[in-house]
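First comes the structure, then the notes that go with it.
Lettered A, B, C, D, E and F in written order, each chain numbered from 1.
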């Protein structure tokens, strides 16, 4: 059971690494994030230019699959400003997503970016749901094969599911240095502290008992490596 | 039962009318939306200036409670660019939200704006959940009384619940002409067409039977008046 | 007489608390203003995330009328980033305006935001004047009653006047964390130091004597609570 | 007398041609304004690329003084998107200002841009007034000689006065394709239709008689060439 | 010889497909580009929403190597708004780059975006050069292997060279729907019409004879598929 | 010879001082750059408001020709945020360019701004080259005389050449506080450390010997005064 929960938590975490937002423009060539600064601003304070080297613009390890041995059967490797300091002020980020057979990057949204998902290996079913419209919440979804790409607009809930019987790999393009990840089920049922059960019961049309059961599950984040720092502090 | 479902759907719709985003800047004093144009752009095409009158900047009816006789016990009156044409290109919108006792504006997010909620009557419990962080999805929530205000950051899931035994009224401030509304449960369980039940079952840790039952419910939008036009076309 | 001048000054100050601007986008969920920081940036530096609580997103007192016992017969309660730290980087602000009978929120503009004014009590006459156009400076104005709203585009001069014989209350929606307030008469006749009288005389077609008399009046700011900090320093 | 009023009106018009705002970014190399389009958008619709020539990026006549034979003793030559179509979507504009001895570019603001004023000939006294602050509306002003430059922040009231006994010439740099011009006195006393005299009397602490007299004056726009088109229509 | 020139031209074209800029924010969920519209705006006019399908967000063929049988030994497959209509207003784009052994994506810049380059196969040497600084134009460069990523800031000249003896493949992430591509040598020596030879001779410190010879070469664009439409017209 | 190289280097440096970009909006009236701060952010940290004076918005010396006694026969005087602290957060900058007869402001681009060039004295030939399009890299160029202006879109390569037999002077308008300058030849052939000769040889279709010779030349920056600080540190 614990394993299953871990897996699910891991898969839920998957949901995260996709879209790019529309950040403020840079005011100099670059402004490499200074992780050691004790000054916190919108984005990051910058390193002194004389200390900047090519390594500040460099990231390695995107060829390595992350373990999908979790309940969701998926895992995410993020390349955002919290892990690649040279991205600060430059308005781009990316990620790698690994999927076991039937692995799921569960429904999630990115508050600060749209996304292009590109399938490098395997076969995925991917889609997004619009905001509330006159005609309801429309699902736009598609089966994707190796070499296909699909677009997820900013702030909308989207997902990918490995419908093949082999591992799958995808890469995501974002337009923000820190697109942010809201895994829908984690935010609803796994917040700390929890949202009151009678509120969730009313919202999702389930009994308080079922909601309570859900809230006792573990809702792991499959983008464990992800450091969405609140502001830039700890 | 149908009534209950209708109510819930209505209440879920409530969730919508809050935050403002960061729109592109205006390039002239104003650019009043031309609802009759057959040209669709980012935002709306504009009316000829000679046809613009004070009425294009005017909205009425915010003193009228919307009916909360639905399962969620809440209702939303939106004032966005789709209903107040003078807002086009100006980067602001607002809404009124009515709550019956125990009425709920269910968990939702606005893809294109932050929000300030101001309680005009009654007592609400309101909160938002952060994106995935090192410390999980944190809930920031507060009991609000008449005269109190609370902030919901852009793109994050938030809600309000009437914890008083009287009707409540709130007004929301947004920073986008069309903040957009994603009612979380509607998007998950009520999309058209539906998301595959096995995907949702895996994502929310429920049986396919329970998910199937959820998908058969009605997920009404309590911001019925809201016309989130996809692009600006019909 | 002094009282009258004080009142007028106070009323002039009223002019302030309205419109929304188009701020830079956030680069994380939130960046709560650290009022104690000795580092000054565009906006505010942020508190450490571990120190952030729900109270940082909370404001109280919007149900309390501010005193209108001044010559303008109006007063403003601002909710901007200088008073609600959670607004930092989120692009929204709001205000409450109280009007005695015949109270005036005098002509003013917001350099960084458009505005929606919503009348909660009473009857106002409100309007804005366009920038210089081929057809002159056009006035768009309207009588507003309880439940009505009106739009003031960014940077344009606008005003509200209580044409009823009862108190009036309005709320303003802005699209900037700090829309700024330029009360026109205050800026022209009450600057510190004053603009040379011969310049103003030429500009407003009045005698130097009349201008000199005007410059000796008090031009109070009815948004006394307002802390439009220059930069963020003192 | 009429001549004097005309002059003043003309000088008031001078106030206009300065600062640039922060426009939306371009999405292609260029998007030359199509003045003949019957489609109106934020900014201008674009010409077909095959019809674009170098002349679309070209403006002539900045070496020609505009007549200062008006009551303000000043005149403005604008180079904005309404007169140089290649500026559309590119976020810059400029202007030339001519001043007779003692000529005045009267107090005005630009809703959509900051400005750098560069003195090419003569000696000016120039300044701007801040928005309402804890310490009042602060005047920052300076005597400028040939070769000097001064900055006026976006949306703030500013002016220039020729304190020499020779003609003066200045050039202004803006950060918007259409910074907009609000000549303060024109907007207050010369709007069409007029603002009610009792409102202005209360706002500027003058008698209704004096206000009425002011409203009967002509408030000419010294940037006659300026076509601040409302939206982009006629 | 012609073949060689063709190859080089093709390789030069390669330089193109990388970084994204900071586009204006979307004002609705999506605004799918209508390639058939005869209305040209900043970006593209949108299709009617009822005509939008999942295929509008879909692109295929990224698994197919483009031919590198040209003098540069490289080729680019672009996925921007001109080829994937769903990207309009969403602020992201991407590309695939193929490199033969010793193939070169020659020095180029993107006017509207930063870029992350991710090496999927092979070994590249990649770098960018800063703008003019106190210390000159600094080169930041690095050897990249499979799984490595490198950042190129917006508007700066950068390149990649295949230093391995096998084919290489990379993918680029951009933060604009149309980042634009300026292949440096093409723009200098291959413009239509040409820049005068004496200007180039003076600029690049070469004889007019050598410049003339360069101008007679073919400067092919290896992103042949790329349709950087001037405005959006033909 | 060294002199000639120095001259050319100097002229190449000229290329720099033109266009403005689209910076993040200001969040207060002003935020004067604090050159002494040891905190580095996107742009500059601000001085305390109480220490701000009119001199912070003031620049002098634009009437003084800079020496054109260098190989390019041109020189640039920049007025950007690195030299005029009041420009910080305000989105504008400008420059003066001096040209000896046959002086050249060599091909260059501005990563963060468009530009308007205004000819104050003399006769120039000026042009820009588009990014790669279906029809190649198009040159838009024009002979400019005193009083003429020409537009250079953001990020595109452009140049000016003095075709008259007298000195020429031009002023440039930018829409960014720090537009940045990439002198094309300097970045290609004069970077520190150099780009490998075999890469440049392949890119520009010259022999390694010729490239090596070019790399041994001096590539001076004629905007010596320009302090494009990398980030804001030293």
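The rule we apply is simple: a residue touches a chain if its C-beta (ideal position, glycine included) is under 8 Å from a C-beta of that chain, and two chains touch if they have at least 3 such contacts.
Chain identities (UniProt): A, B, C, D, E, F = Germin-like protein.
Note that the structure is a prediction, hence the values are computed from the model and not measured.
K.L.:
So which chains are sitting against chain B (Germin-like protein) and chain E (Germin-like protein) at once?
P.N.:
The shared contacts of chain B (Germin-like protein) and chain E (Germin-like protein), listed by label, come to A, D.
K.L.:
Would the interface of chain E (Germin-like protein) with chain F (Germin-like protein) count as same or different, where same needs over half of all numbers used to appear in both copies?
P.N.:
same
K.L.:
Of all the other chains, whose mean CA position lies farthest from chain A (Germin-like protein)?
P.N.:
Relative to chain A (Germin-like protein), the chain whose C-alpha centre sits farthest away is D.
K.L.:
Quick check on the interfaces: D-E is repeated by which of B-E, A-B or E-F, going by over half of contact pairs matching?
P.N.:
B-E
K.L.:
Greatest Cα-centroid separation from chain E (Germin-like protein): which chain?
P.N.:
When every chain centre is compared against chain E (Germin-like protein), the largest gap points to C.
K.L.:
Taking each chain's centre as its mean C-alpha position, how far apart are chain D (Germin-like protein) and chain F (Germin-like protein) in Å?
P.N.:
For chain D (Germin-like protein) versus chain F (Germin-like protein), the centre distance works out to 27 Å.
K.L.:
How many Å are there between the centre of chain C (Germin-like protein) and the centre of chain D (Germin-like protein), using C-alpha atoms for each centre?
P.N.:
That pair's centroid distance is 23 Å.
K.L.:
Hey, how far is the Cα centre of chain A (Germin-like protein) from the one of chain D (Germin-like protein), in Å?
P.N.:
Chain centres of chain A (Germin-like protein) and chain D (Germin-like protein), defined by C-alpha means, are spaced 47 Å apart.
K.L.:
I need the residues of chain D (Germin-like protein) touching at least two other chains; which ones are they?
P.N.:
In chain D (Germin-like protein), the residues touching two or more other chains are 21-26, 29-30, 39, 41, 43, 52, 111-112, 127, 130-131, 141, 153-154, 156, 176, 180, 228-230, 234.
K.L.:
Between which chains is there touch?
P.N.:
Touch list across chains, by label: A-B, A-C, A-E, A-F, B-C, B-D, B-E, C-D, C-F, D-E, D-F, E-F.
K.L.:
Given the complex with chain B (Germin-like protein), which residues does chain E (Germin-like protein) contribute to the contact?
P.N.:
24-32, 34, 37, 39, 41, 43, 45-52, 88-89
K.L.:
Applying the document's contact rule, which stretches of chain B (Germin-like protein) touch chain E (Germin-like protein) when the two form their complex?
P.N.:
21-24, 39-43, 81, 111-112, 176-178, 180, 228-234
K.L.:
Can you tell me which positions in chain D (Germin-like protein) touch chain F (Germin-like protein) when the two form their complex?
P.N.:
Touching chain F (Germin-like protein) from chain D (Germin-like protein) are residues 19-26, 29-30, 52-55, 57-64, 79, 84, 86-87, 90-94, 113-116, 118, 120, 127, 130-131, 140-142, 144-154, 156, 171, 173-176.
K.L.:
State the interface residues of chain C (Germin-like protein) toward chain D (Germin-like protein) in the complex, per the touch definition above.
P.N.:
Checking each residue of chain C (Germin-like protein) against chain D (Germin-like protein) gives 5, 8, 11-13, 16, 22, 72, 104, 106-107, 109-112, 125, 127, 129-139, 141, 153-157, 159, 161, 180-196, 199-200, 202-206, 210, 214, 217, 219, 221, 223, 226-230, 234.
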